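In what follows, structures are represented as structure tokens.
In the two complexes below, subunit A is the common chain; its partner is subunit B in one and subunit C in the other.
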Partner chain A sequence: MPLWFARGLRRGVVTTRYPAGPDGSAAALPTPPAFRPVKLTRELVDVMISVCPGPALTRTADTLVFDVGSCTACGRCARVAPHAVTPSGEFELAATARSALVKRIPIRGGQR
Partner chain B sequence: MKPGPDETATAEELRKQIAAQFGRSLHIRTLDTGSCAVCEQEIRLLAAPHYDLHRLGFFFTPAPRHADLLLVTGPMVRAFEVAARKTYEAMPGPKVVVATGACALGGVYPSDPFVHGEVDAVLPVDVWIPGCPPSPLALLHGLGVAVGRLAEKTPGLTFIADGDGGGG
Partner chain C sequence: MTAVEPRAAAGTREQLVRQLNGLGGLEVTGRGGTQGAVTVRLLPETLEAATHVLAGTAGTRLADMFADINGDAPTLRLVWAYEADEPGYIVIESEIEGEQYPPLSDIAPAAFVEECEIYEQFGIRPAGGKPLNRLMLPPHAEAELPTLGREPAQQPEEVHAPHLVGGQAFEFPFGPVRQAGVESLYYGLVTSGEEVVDLYMFTWHKHRGVEWRLRGKTMHEAIFLAERAEGLSAVATGWAFAAAAEAAAGVTPPAAAARTRAVALELERLYNHAAATAALGQATGLSVGQAAAEIALERLLRVNAAAFGHRYLFGVIEPGGVSRAPDAEVLRRELPGAYDELRRTADALLSTNSFVDRLEACGILTAEQARRLGLVGPVARATGLANDARLAAAGAAAPYAGHPVNVVTADGGDVFARFQVMLGEAAESARLITQFLDGGTAADCSLVAPRAGAGLGWAESSRGEVLAWVALDEDGRITRARLRPGSARNWRGFDDACRSQNVFTDIPIIEASFWLTVAGMARLGG
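Take a look at the complex of A and B:
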């Protein structure tokens, strides 16, 4: 008899802890973008903000403010700037503070 | 039944209380406040054999009176505000509110005469789960975070990809 079956018969014992292993399907799912600071310029960021369908992207001077909570992982920013934006592959994004989901990304490209 | 916690208890205290009181078992009430139903499809998938949330001691319940955790989807339509408040008040304490999906987090609808735009405007949210929709594993992680069984990863994530490989 497999061990997990015997353990499962005992009351209240979970047989698999989360996560039992990396999920194979996770890589195929749309995930929020990750940005390459050296490839970002103010102009490029403004284009990405204009194609973003929600309030996920904003810019303050030389910082791209990325609200992961507002991101629908639609991939439009990655389509206009494939060299600067890649899928992050992150899906375990639950947060106990809304502010933890707002990320500040420096804009390092195109500076004098 | 023990009396509920006082209203000033923080989310952290609530989580500890929930871990102590409910141990391995926690009942979830889902609340759709105007979502497109894709979040609901993902939530339903949690009960599928591939994810099987029951092995982790989570169960869905149809009544807020039996629920410990309120899983809220959608942008909180104003017409639903009263029902949402009543649902929350009907739940016994300690209770946790989880905002699920980009709509509930304020990413899709702005606040206007028809929707509040985010769940936090009406209910005291304890855990936010991003995603449009959040995949079942993302939901499972969020539930784990909500009851303090899994560590939160988000504060450490930067969303900066530096793997350029050195090429210009």
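Take a look at the complex of A and C:
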């Protein structure tokens, strides 16, 4: 019969304070998109809205409204507009107010 | 009427279909039938006799039952798994005139949960007035029933099967809010002190109307929701759905894409079995054992993320193929170490008497119970039944035809047997992943052109067979989709397992050994 107490001690403490340091495995995680305003056009934004499976993307005139709280980081918007959307690399998304999760991104592409 | 026992010897599928045709059935060939399965259309008056024939034949199993409405009269569909020679599926369909159909669960008890479901969705019920349980809304709710079709003739209060508590027994309520991280589920534990006399569940707290929300979507839009019907089986549910849609559209995914799906599916099985191991450690009070299994689980999830870009493998399956190919180098380098972590932990647990003692003779199910209730996955295989959707070689299971799976079974029927099956399957998954990688994987998709049709798809999740049935209109939009994860089948065996001479503290152990999700049960229309 294994000595679980000894096994636990041998393994040592694997929990740490957060954050203990950069976590290499985080790079492989899907993260919400980051949009490049100068590459966004109304038409492109409408295409991205049509492929978004949730309510994360909406448009008001020349503004893309991005609700990070509704985003599942599925990557569909990046797939239809790879030149305008890249993974943000951010996964620490907690906020103290719901409204802080809603970002307004100006649509600057196609403007003179 | 009593449940029919399988007395007729298993013949070929053709013989069985001929027998059904002899009852007045009509085999539907071509686009009118369900692609990926044999379809037999029956008149409602012969439905009962046909169910007798199928339930009475060895090697057949009622795998699912659901309804659809297209016009005035609902159509009832029964999916029978045929497990003798060349495993596959037979779909029986019958248009139901009026409000009632024959009480099929009297012949095949596996139909009861679906009879309740269909009543809530389509307002048709088995004849004879047997009480039906509520599945999607609590009996006291004033809300309208979550129908996919039409309102039932009777109000829901009249069809709630009462749960009686008599004598010295009392009901111990547990849930729906349980400890952190565990899904919402209510147990009514009926006990006389310590022994569990009866147990019933309320599963409506998580209904999300997934089947309802799939209607009107294209298969490419719908896959996002389909794989979230049971997130811990995202690959299996997504694959079954994609296979059903592909069958309906007459598309076959490229071989390398099918192998990629198989790699993801086996990774999903590995991490789920590791999670079940951790849950067994927790349920038996072995915190270090639990932590050791969770370390293995975390390593496996990180392998998933490194190989496929998502810890839980979401977004891999696409209708027509896959959206991502695995990083084969990462898998070959990292997977053996992560799997060894799980195996070492399991070996240590299996040599711990206090752990094994809690598992043996706990939560026993017999092969007879598993067969009557149509149970699937490790729960069924731990009773000695060797059903596995990966053996159905056509369609969804195509990659396994070239890389045969060794189906792991045990015969104890208890928690220990289920744990042994899971560990055997984890070893088998690690072996299969290497074979599929050697065979070649790729992010590849076949083009899917819109066309009308219906198809059946399946996959073997870590919880057992997942089935999906999809009907498309001429624009390729879904008119009806049915998703049946393994959890939706196996919860019906959980109460039986809990009643088999167990005490209160055995319940978490039995639940960990079933390793089901409430989401998989609560995915229906609403």
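Quick notes on this one:
We take it that the second predicted complex is superposed on the first by the 95 of 112 C-alpha atoms of A that agree within 3 Å, B and C clash if a C-alpha of one lies under 4 Å from a C-alpha of the other, contacts with A are read in each partner's own complex, and residues count from 1 in each chain.
Note that contacts are C-beta pairs under 8 Å (C-beta built on N, C-alpha and C of every residue); 3 or more make two chains touch, one makes a residue touch a chain.
Predicted, not measured: the structure shown is a model, and the values here were computed from it.
Greater residue coverage of subunit A by touch, when subunit B is weighed against subunit C, goes to B.
In the superposition on chain A, A:92 makes contact with subunit B only, while subunit C stays out of contact range. In the superposed model, A:75 lies in contact with subunit C only, and not with subunit B. When both complexes are overlaid on chain A, the residue A:37 reaches subunit B alone and has no touch with subunit C. Of the two partner chains placed by superposition, A:102 touches none, neither subunit B nor subunit C.
When the two structures are aligned on the shared chain, A:29 is found in touch with subunit B and with subunit C. Subunit A uses residues 14, 29, 72, 74 to touch subunit B in one structure and subunit C in the other. Listed in rising order, the residues of subunit B touching subunit A in the complex are 11-12, 23-24, 55-57, 102, 105-108, 110, 120, 125-132, 134-135, 137-138, 140-142, 144-146, 149-150, 152-155, 157-162, 164.
Listing the residues of subunit A that touch subunit C in their complex gives 1-2, 4-5, 7-8, 11, 14, 25, 28-30, 53, 72, 74-75. Across the complex, subunit C meets subunit A through its residues 221, 224-225, 286, 288-289, 291-292, 295, 302, 305-306, 309-311, 314-315, 348, 351-353. Contact residues on subunit A toward subunit B in their complex (touch as defined above): 12, 14-16, 18-19, 23, 26, 29, 32-39, 54-56, 66-74, 86, 88, 90-98, 100-101, 103, 105.
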